[in-house]
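Order as written gives the chain letters A, B, C and D; numbering starts at 1 within each chain.
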Amino acid sequence: MAPKKGLLQRLDEGPVIVRQLHREFLRAGSDVMQAFTFYASDDKLSNRGNESSKKYTCRGINDAACRLAREVAEEGDGLVAGGLSQTPTYLSGLGKENTQKEFKKQVDVFVENKVDFLIVEYFEHVEEIEWAIEVSVKTGMPVVASMCIGPKGDLHGVPAGECAVRMAKAGAHVVGINCHFDPFMTLEGLRLMKAALDAAGVKVHLIAQPLALHTPDAHKQGFIDLPEFPFGLEPRICTRWDMHKYAREAYDLGVRYIGGCCGFEAYHIRAVAEELATERGRKPKASEKHDMWAGGLKMHTKPWVRARASKEYWQSLKPSSGRPFCSSMSQPDKWGVTAGDSTLKQKTAITTDEEIAELAKPRRVMNGK
Amino acid sequence: MAPKKGLLQRLDEGPVIVRQLHREFLRAGSDVMQAFTFYASDDKLSNRGNESSKKYTCRGINDAACRLAREVAEEGDGLVAGGLSQTPTYLSGLGKENTQKEFKKQVDVFVENKVDFLIVEYFEHVEEIEWAIEVSVKTGMPVVASMCIGPKGDLHGVPAGECAVRMAKAGAHVVGINCHFDPFMTLEGLRLMKAALDAAGVKVHLIAQPLALHTPDAHKQGFIDLPEFPFGLEPRICTRWDMHKYAREAYDLGVRYIGGCCGFEAYHIRAVAEELATERGRKPKASEKHDMWAGGLKMHTKPWVRARASKEYWQSLKPSSGRPFCSSMSQPDKWGVTAGDSTLKQKTAITTDEEIAELAKPRRVMNGK
Amino acid sequence: MAPKKGLLQRLDEGPVIVRQLHREFLRAGSDVMQAFTFYASDDKLSNRGNESSKKYTCRGINDAACRLAREVAEEGDGLVAGGLSQTPTYLSGLGKENTQKEFKKQVDVFVENKVDFLIVEYFEHVEEIEWAIEVSVKTGMPVVASMCIGPKGDLHGVPAGECAVRMAKAGAHVVGINCHFDPFMTLEGLRLMKAALDAAGVKVHLIAQPLALHTPDAHKQGFIDLPEFPFGLEPRICTRWDMHKYAREAYDLGVRYIGGCCGFEAYHIRAVAEELATERGRKPKASEKHDMWAGGLKMHTKPWVRARASKEYWQSLKPSSGRPFCSSMSQPDKWGVTAGDSTLKQKTAITTDEEIAELAKPRRVMNGK
Amino acid sequence: MAPKKGLLQRLDEGPVIVRQLHREFLRAGSDVMQAFTFYASDDKLSNRGNESSKKYTCRGINDAACRLAREVAEEGDGLVAGGLSQTPTYLSGLGKENTQKEFKKQVDVFVENKVDFLIVEYFEHVEEIEWAIEVSVKTGMPVVASMCIGPKGDLHGVPAGECAVRMAKAGAHVVGINCHFDPFMTLEGLRLMKAALDAAGVKVHLIAQPLALHTPDAHKQGFIDLPEFPFGLEPRICTRWDMHKYAREAYDLGVRYIGGCCGFEAYHIRAVAEELATERGRKPKASEKHDMWAGGLKMHTKPWVRARASKEYWQSLKPSSGRPFCSSMSQPDKWGVTAGDSTLKQKTAITTDEEIAELAKPRRVMNGK
């Protein structure tokens, strides 16, 4: 299981909080400390007014991230992974050589830091992930590759099954899906991947790192397109019981790298680890002061709350939103814009307020119809 | 503003994590570090199979909590508050003398630790909070008192307005409501309190510390009675935009102690502090790397996400749950059981599985109807 | 029980269809054929571009309606009632004398037609219904009076209980509530009426004629203010099981004139009559080829549909809307405009498109916030 | 456009009401009076305790239905169609010869009555409809064939496209889909049919006769499997605006027989006819006293209701259910049982209460999980 990649809701910063976040996931049962290297490529750091490039370099961030992950991993029995993800260079249509140069800079730091393996993830285009895998396998390290796609495939329209086979043929040892969709849509995509891999006679392991958010209404680019992204997603957050279900279904499907992406808190990973306690031969450290299946409620003051201290109760609960003025599904704003589209191209200046007003127009028209 | 009281979703433990949690709220804009002393009375520690009493005493826990809060408060300009809450002794009908003995033990530790003021909160019965205020005011420290009641009043049926007047007359300097209901129902209750205080000519300040959860379907004992309590509440979690709205309405109503209770994460408090930045004369530390009203989205790759970088967008968003098989409101399980009821009485043994099965029966019958 | 007043969904016209509609309700169990005289006063017929006044008079419409109702009533054991309702004259602030003149014109026709009793209903202001009752009682016929108010009272703010007492004191033999709110909100209002009548020592019977629509989100002027009114109300339509529940609760509360208003189809009235079959000593004619509580499903081809042939199944069903992009509650557009307000005044010209555009503006602003 | 087939909500009976129902649809714009011959085959009349066979024969019912339809058709410019549908004989696995015998008996009556064409509809298995078409084409009359399938195909798993081609090759002049799914899922299926017909180079017209109910949560056997079927479907009823949208999309797809099935009221068909008024060169008779796009609201008393007198308003409305305790989607009970399954076989005795209790068990288990 891999740690959560986002830090959105933690307001402190610096080494202390990064370590603490790794530690919480380690205690929750994570086997892997994934270094916080997401989108930390030089081209991304200088995109659209991001001022980070003035203070930080790809090298500096990736190096610090690897060291912090290793420190915490050594507190337990954790592995450290360095991660690559998609680049503005590719989206801008600047070609294979330029794109791989960006990957190489990150990979070099991972090699120097002797991470245990590489994660190549959050790619919307199978072509780009093939290029990233190509760079990664040259290190001789194990390579885990996953795309942020749903059951329908990548943004160029390549089906999920074909993506899986291409990732495996490019050299990845573990292939699968991360981000963009909820646990159950992710498993739907993995089912297609598994079938295609079996049909092609390719033997690799599978990885699932879904959102901890319900997204039945998401299409091509997943939760990015939902109107709630990224600051109104709370009502979609999965419960721990959703995670028990996800872990069991993933395991039964044959997935052996079972983790999480945006929205995962440590308690979600703990639920995954608890569901699979028998299979893993142990409970996570964080389960020590915590009874499985809400057993702790046996101590609650109110008798009707004590009555909820059962697996049956929580498994069958359909939780309400408390929001009667909100619908249960949303209409995605837009989807399907692929690499090379002018609106996706690298641009150093930040978007102006005038441009924002212009961008917001189509939505108003659409909603008016 | 006060820090969150719960630690439910943090899986680490010990002094490091307690300090870190205080620190996040301090950075988010909290003026008060409320020591983690909730329900840390000796009678509670030995109730219904809670084994804490074997390792920990009221004195030990409260003392450690005060010291940790003070350490972090000194990193900024924070105040430290010690807190009292309702007791099994009262619920068991053991009378004023016994109940006040429990309060006294906690208050003594607060005095020794020289906290800046006392919070007397989470009381369901106005009679018990009067007893707690009585013990607290003897210390000479400022006393903030709040009940976990909705607009309808306390569990004995005493209206919210009357509760406010009684708390004030018992000596509290700030009175109000905490926990059990969402921000907007809490403000509804405070409106009644304000009217009653004005009518009675009593001058005190007001405090609001609501849930960060939507609970329009909750009745007397609030979210405790909702079937989702406490492990399926995710879809009810407030967004930061809900908190902007709450902070503004609370301020306009005249509330000057604006905080939060269960469900509040640091980013919720940051939203409160940002909404009131002008009134407070400063933004919170945690706003440094963060643009107000989703301004940071101007840097997002996808143009339709950049279009969401506006106050208007997020203020009018009605976020979907992504859960089409769940309803928006729930039927509370039960409510209105008051002090003295046999099912609420102190009991050292944990509830057995047989007793749980027995307790679960009425629900099945009710649902079958 | 009274017949439905609206003909919205029947597209044929003329005596044949009016007779047929009465007949369906008679077969469904209605004891009363309420003549189709709603809003058929001369001032209403010439309001806001209504061209009916060029072809039809109050006298002509009311006379034809009484005769058709009587024809069908004589096919069974039905009673015939003539009905008065609120007037543009009152809303325009033209005073008691003018308003009563309008009532008198309708009442005269009812007297000539020897209807069995009078229904004075759909009044939003207690003052106006008092004037209508005053005119009605002079005929010597029994007078049934009901207002379209919710538990909060009439548009002038007079509480429901006081309205009941005033209607009774004005001479009505049966008092209650019709239209504007759903069956359960209507019964809530009737509970208040009953309490006030008891307290005042006034002995009259009660009438309930609610909508067959769920309106928990409606305020002062009820479903009129909901954005779905009047052409998007389908998802709110009550099931026959809602009507069983309504009939039982109304009966238990002591209501003895149990009918329905907008949205009631004959099958809803049949459900009311079937629920009370024992109390009434008979089933409605329309139950002859129909088994109670979905018993007919025992003949269904699919076994899982046969499994639904039970009272328990339908009583506990919470029917889904099949509309995941819609919320369960709406924000009313506006409410509380009372008699005399300039926007309510009589006006012979139809509203122009420009005026409509102007009227639509506030909504757009409100939704934008 | 075809009339509604169900009479569920009309409580009167006999020739008068049958004629009246035809008449309402004629006025609403229907070109076709479809005789009420649904399921009126001898085997169906004696299935599972249906006592109709003691009083009525296939011959008697079909003959009366044809005559009544013709009477009303002659009041306007209507066509008369006789209809065949699937048989218990086929579901019981009794083979082609026996099944066609049942069809032949109905077809003979249609020929004698000189109906204008035949509708072969409501078939869940393409094999059976081929047999029905075979019998029908022998009459020399035009044959319209439609199956109750969704985009996924028939119950044997034959895709929608293949079903269309097979119906056309069996001799049908118009092919398509009726019942079981909502308008938009039906059009999704028709898109697949059109593509397959084009690919196969087969030239036939298309027919759509969907439900007037929203069923996004329905699978194989459509709304039959939804827990709300058939007595709790109200919240799913389409608005007239849904029908405008449906009519336009159907027309744009090239569908030229645009009608409706269960749930369609005359006003739904009127909306279809009004949307296509230009294409058809006329408005329906029933539009005479009715303004398009809610124009009649310009005469409403309340100004905020007058503001709703616009096409834009109703096109963008997302109507609420007023049911906050209900979800927006349901879990279908079961689906996919096909011809020959023992639970579907013909059986003259009615299901007993014991058998119902037995059938209801799996649901309770399922819900408990």
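Throughout what follows, contacts are C-beta pairs under 8 Å (C-beta built on N, C-alpha and C of every residue); 3 or more make two chains touch, one makes a residue touch a chain.
In UniProt terms, the chains line up like this: A, B, C, D = Betaine--homocysteine S-methyltransferase 1-like 2.
None of the values given here were measured: they were computed from a predicted structure.
Which is the least count of steps on a path of touching chains running from subunit B to subunit D?
Minimal hop count between subunit B and subunit D: 1.
Would you mind telling me which chain pair, C-D or B-C, is linked by more contacting C-beta pairs?
Per the contact counts, C-D leads.
Centroid of subunit C to centroid of subunit D, CA atoms only: how many Å?
32
Find the geometric centre of each of subunit A and subunit C from their Cα atoms only, then give the gap between the two centres in Å, rounded to an integer.
So the centroids are 55 Å from each other.
From the mean C-alpha coordinate of subunit B to that of subunit C, what's the distance rounded to whole Å?
46
Going through subunit A residue by residue, note those that touch at least 2 other chains and give them in order.
217, 318, 323-330
What residues of subunit C sit close enough to touch subunit D in their complex?
For this pair, the touching residues of subunit C are 8-13, 16-17, 20, 23-24, 27-28, 47-50, 88, 91, 182, 213-217, 221, 224-241, 265-267, 270, 286, 289, 294, 297-310, 313-314, 317-330, 333-334, 337, 343-344, 350-351, 355-356, 359-360, 362-363.
Inside the complex, what are the residues of subunit A that reach subunit C?
Those residues of subunit A that touch subunit C are 217, 323-331.
With touch defined as at the start, can you tell me which subunit D residues reach subunit A in the complex?
Result: residues 312, 315-316, 318, 324, 327-329, 367-369 of subunit D touch subunit A.
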